[in-house]
Amino acid sequence: MADKKRLLTGVIGYDIHYGGNVILQLALKDAGFEVISLGTQVSQKEFIEAAIETNADAILVGTMYGMGEIDCKGFGDALKEAGIKVPLYIGGNLAVGSDQMDASKKPEIIKRFQELGFKRVYPNPVDLEQFIKELKQDLKV
Amino acid sequence: MADKKRLLTGVIGYDIHYGGNVILQLALKDAGFEVISLGTQVSQKEFIEAAIETNADAILVGTMYGMGEIDCKGFGDALKEAGIKVPLYIGGNLAVGSDQMDASKKPEIIKRFQELGFKRVYPNPVDLEQFIKELKQDLKV
Amino acid sequence: MRVAIPLSQRKLNFKNEKISDEEFFGERKKILGLWPTGKEIDLDECIAYHKSMPKSKNAVYKLQQAKKEGTVLTQPRGGICLVDEYVKWLKLFQDKGKADILTAQSDSYTRNKRFDKAQTAWEESKKLGRSTLNGCPWVNWGLKESRRLIESIDVPLDGRAGTDIFSMEFALAAGATTFLGGVLNSGSYYPKDPPEKTIREMQQVSRLQGYYTEHGVPIASDSHAMSGPSYPVHSLEVAQVIIDSLIEAEQGVKYIILRCRQTMNLFQDVAKARALQALAGQYMKKCGHGDVETFLGFEDWVAAFPPDNAQAAGLVAMGAMSAHFTGAQNIMIKSLDEGLGLPTTESVVFSLRETKQVLNAVKHQKLPYSKEVEDEQKMIMKEATLILEKVFEMGDGDVAIGSIKAIDVGVIDHPFSSSVYNAGKVFPTRDANGMVRYLNTGNLPFTKEIIEFHREKVEDRKKVEKIEKDYKLMIEDITSFTRDV
Amino acid sequence: MRVAIPLSQRKLNFKNEKISDEEFFGERKKILGLWPTGKEIDLDECIAYHKSMPKSKNAVYKLQQAKKEGTVLTQPRGGICLVDEYVKWLKLFQDKGKADILTAQSDSYTRNKRFDKAQTAWEESKKLGRSTLNGCPWVNWGLKESRRLIESIDVPLDGRAGTDIFSMEFALAAGATTFLGGVLNSGSYYPKDPPEKTIREMQQVSRLQGYYTEHGVPIASDSHAMSGPSYPVHSLEVAQVIIDSLIEAEQGVKYIILRCRQTMNLFQDVAKARALQALAGQYMKKCGHGDVETFLGFEDWVAAFPPDNAQAAGLVAMGAMSAHFTGAQNIMIKSLDEGLGLPTTESVVFSLRETKQVLNAVKHQKLPYSKEVEDEQKMIMKEATLILEKVFEMGDGDVAIGSIKAIDVGVIDHPFSSSVYNAGKVFPTRDANGMVRYLNTGNLPFTKEIIEFHREKVEDRKKVEKIEKDYKLMIEDITSFTRDV
């Protein structure tokens, strides 16, 4: 148990889509991680406080309802300010509207979230195996 | 019975789509016409011979399988040659391919068939009531 | 990290009883004061306004007609924040999609009373020329804009705002005639709120609907249970809808749409719909609400949709078939873009037209009698009755109080619910024959036999399909509908 | 004007008997001589060629596997004359549409042996860069081009050429492994040919398929009845498919797809499919063809389709549901463009993906037992048996001769058939409950009770729906599926 990497996860803003997050947690646990869940409607502040409290190795933000970009404004900076250096990930529906989900829009959306401080960005549909592979790589497990 | 207009109808070329023609016949009979049916796979020659034989007041050509334009080449001229002056109509699928059925293509298709000698041209979907109205107008009934 | 306050530390200072006029109007005043537009609403004027509307724009009359004629009214979802744009959309849905009822859902900020955030996003959207809000900010719109939306259409509008009472005030004032109900459902929308808060808010919402109805403007409440990424759990859904209906009826709601959600199994859809109607009838009568008129509403697969339009179209048509055979008066459709994001108008129109075609094609058909379907119905009724009776017992006859206590111990439980007050022990899955079963019954008050029945069915499937872990089963259930064919 | 030659003036100088080698090869020689490419075909080489093909490209093996696994193989229709273009199409259907079997239908000129006209149109198409032919001109293509088409794909190809024996020679030679059968069906493709001509040609076609099979290359024949603008007529369809199968089997065909066509009523689809399989089994055994392996094929609504893609998508999904519940091994789909014209590739891919999604969604489900469905099945079997027994009686035990005589008096009858030899007295319609019935039973050898049953059902509908004239009923039946929703 001791050497398990600890992941902090939650759904940001006013979003209550919890189903995907539950599945994500199950998959991460199966992949050998310790998972700390903050549930839904998690504010930036709550993420930051929990990250400090739990000494998490990474923060995994979920957002489904399309308004995540507004909710994530200044997130990277706030983390820096709090002295948190662990990598920040986001996955889900990263914009409002099906026209925004086209593969052609992905690079632009990813870039926008990277600028907000996210290390890696996963617009839906997410390949969880791929994500876990990259996460392990980043965390050197 | 005596004053009923006599219509000659059939499906041209190698086309065997008879269903629509049966419905057409039923509708025309209901509208007070006498209908002479030539069935399917009717050649230009058969139409012309029958027109002379029956002294028909109009010729109604059906075509569904998309290749009707090839089958109708020179039809107008052939009728003229045979001294037949009654109006010639065509209806159905007037080209091969769903992309040809777009409303935007209609004027072009109608023109092509008019040049082949057709008085009026009805690309699918056909409004039978509208057709019968126009037919009655043409035949002054 | 975030924990629920234990029940012992919470006060349940209310009952399943009609809210007094005083309390009702006092509460309204508080709510309407939350944003400047609140003062635009004058209840008497609103009722007069409704009465001046054509009857064809009232959902209740239309549902009654559908019941008489045996037809299914189609209804899309949706909502965006730009009124001009949304007027165009709704007209398209109505004229090209032939929608019988239209919808305007409030956005997530509005639902959470963050009118400040909604205002900013709305302003920004106007600048951008596209909606950055995922719904309709009724409160920020104010009465004039809200009415302009509804006046632009010829069919009834569903104001779908849940326990979001301020939005509902506006949607009602603007002419909407049907609303999202769902007392227990709403809990999931406010994950940090204890159930008593949600239920209390729902009472206010229902009371407002009842008020309109009492003043000659029939309003329908759409009672439906929570949904998640995969199958609905039948008996729990039935029990929840009935609890919702009872709480709503107590406040004076006289027209309730019992919402039945697609299972992907036509026969179980029918069994559930019949169970729901039969049991709702029993309980409404028993609780003195025999005068409430219920309708059956159907809802397309509310769980995860495939991101491919063609695949989505398959599920949409299946939903339409089920809606017909359940005998529903209304079907809430999903757009082809459901799995992607807020839909394009074409995608909504497509679903509407496709749904209507299927409904037309099966219009005259009846489901042949089958004892297997009847047995399935009986099973659902038996399970739901156990839940309902336990709830009444826990509340000493008060269904609202009983529900709160039941949620606390997991006698009522929502799979995948975001509420921190939710037990989260119950999960759905299907068995080897494609019937939805309980993967876990958690603390549901079921008999040993029932628990055994579900367990056996699930174990059977695990063997047949060679799946060992439960969570793999859950992922398989979701992905089997969403993955590439 | 155009009249059928009376039966008394026609000679029926053949039997339902396996064609002798001599006759078979003699006939082949004649046919292959009709166009220069004919000499490219060498039977021994073709059989060797088939044996060098991967098993996964043989439809029979794939159907057998589907039977074992309980899956439904999807298959689009289609055909155009430009090979390069069609290769692209087929690959799309296979890779994006996930089609399990692909199709290449011959065009209408080729079917009518007008290879001269097909040649001109092909040349012109090459110049235009778009196909002006409505199918594949196998004969004009010749062996190399035909093989190039089939070599480009990884799944079996259906050569769908009916009694068009020259096309079939080429399609078989090129690697196709399943074909359109339908002895009586084919009559409608050659409206001026008396049935004995069509049947004789079909015998040759079946003999060729049998020849390949006897030499170790299993080939499947797809037996299916005629279609028109509206509903299929069940018992007639069942009888026809069985007659076809018997005539085909007599020539050595060992694999037969019993094709069952969508009625728009899931339950009647199932009843018909069961009736067809049960009765086919009985007759095949009775006639000494117990060794023939049959498969159940399903076919999307073969009648008039709506010209709107969304509406079409609804019918396509309904077809997929029925295919599953009938227990079919294969479904022949319609594209979303069916009601318009030869489809775009997107439209075919959409239908394929939609179909597969529905099949996946219901994959594990079983149809609950219902006596009503069983009664429907029994009724269809009873009627079909009356037709079949009459045919055998009229042919003194010879089903081919019996069929010809039966067609002559309308004991076999095709609604809306183009054949001048067809009685054309039988018409389908549906009853008030959406079940397909006979509007007219014409000269079908039914008992008074059966005739009365159908009449009553239809009269009942007429009353309920306030339709007086029969032909208005027929138009209503067609337009109810094709008109704007």
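Note that the chains are named A, B, C and D in the order they appear, and that numbering of residues resets to 1 at the start of each chain.
Rule of thumb we're sticking to: a residue touches a chain if its C-beta (ideal position, glycine included) is under 8 Å from a C-beta of that chain, and two chains touch if they have at least 3 such contacts.
Computed from a predicted structure; not experimentally measured.
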Would you mind checking the shortest number of contact hops between chain A and chain C?
-> 1
Between chain A and chain D, tell me the centre distance in angstrom, where each centre is the average of that chain's C-alpha atoms.
-> 55
Find the geometric centre of each of chain C and chain D from their Cα atoms only, then give the gap between the two centres in Å, rounded to an integer.
-> 46
Find the geometric centre of each of chain A and chain B from their Cα atoms only, then give the gap between the two centres in Å, rounded to an integer.
-> 66
Name the residues of chain C that each touch 2 or more other chains.
-> none
Specify, in ascending order, the residues of chain A that touch 2 or more different other chains.
-> none
If you connect every pair of chains that touch, what shape comes out? Choose line, ring, star, complete or other.
-> line
Pull out all the chain pairs that touch, please.
-> A-C, B-D, C-D
Note: in the complex, chain C contacts chain D through residues 98, 264-267, 306, 308-318, 320-321, 349-358, 360-373, 430, 432-435, 480-481, 485
How about chain B: which of its residues touch chain D in the complex?
-> 11, 13-20, 22-23, 26-27, 30, 36-41, 46, 50, 53-54, 65-67, 70, 93, 95-101, 124-125
Residues of chain D that touch chain B when the two form their complex | 1-2, 108-109, 111-112, 114, 117, 121, 130-134, 188-189, 191-192, 228-230, 303-304, 307, 337, 340-344, 347, 416-418, 420, 469, 471, 474-475, 478, 482
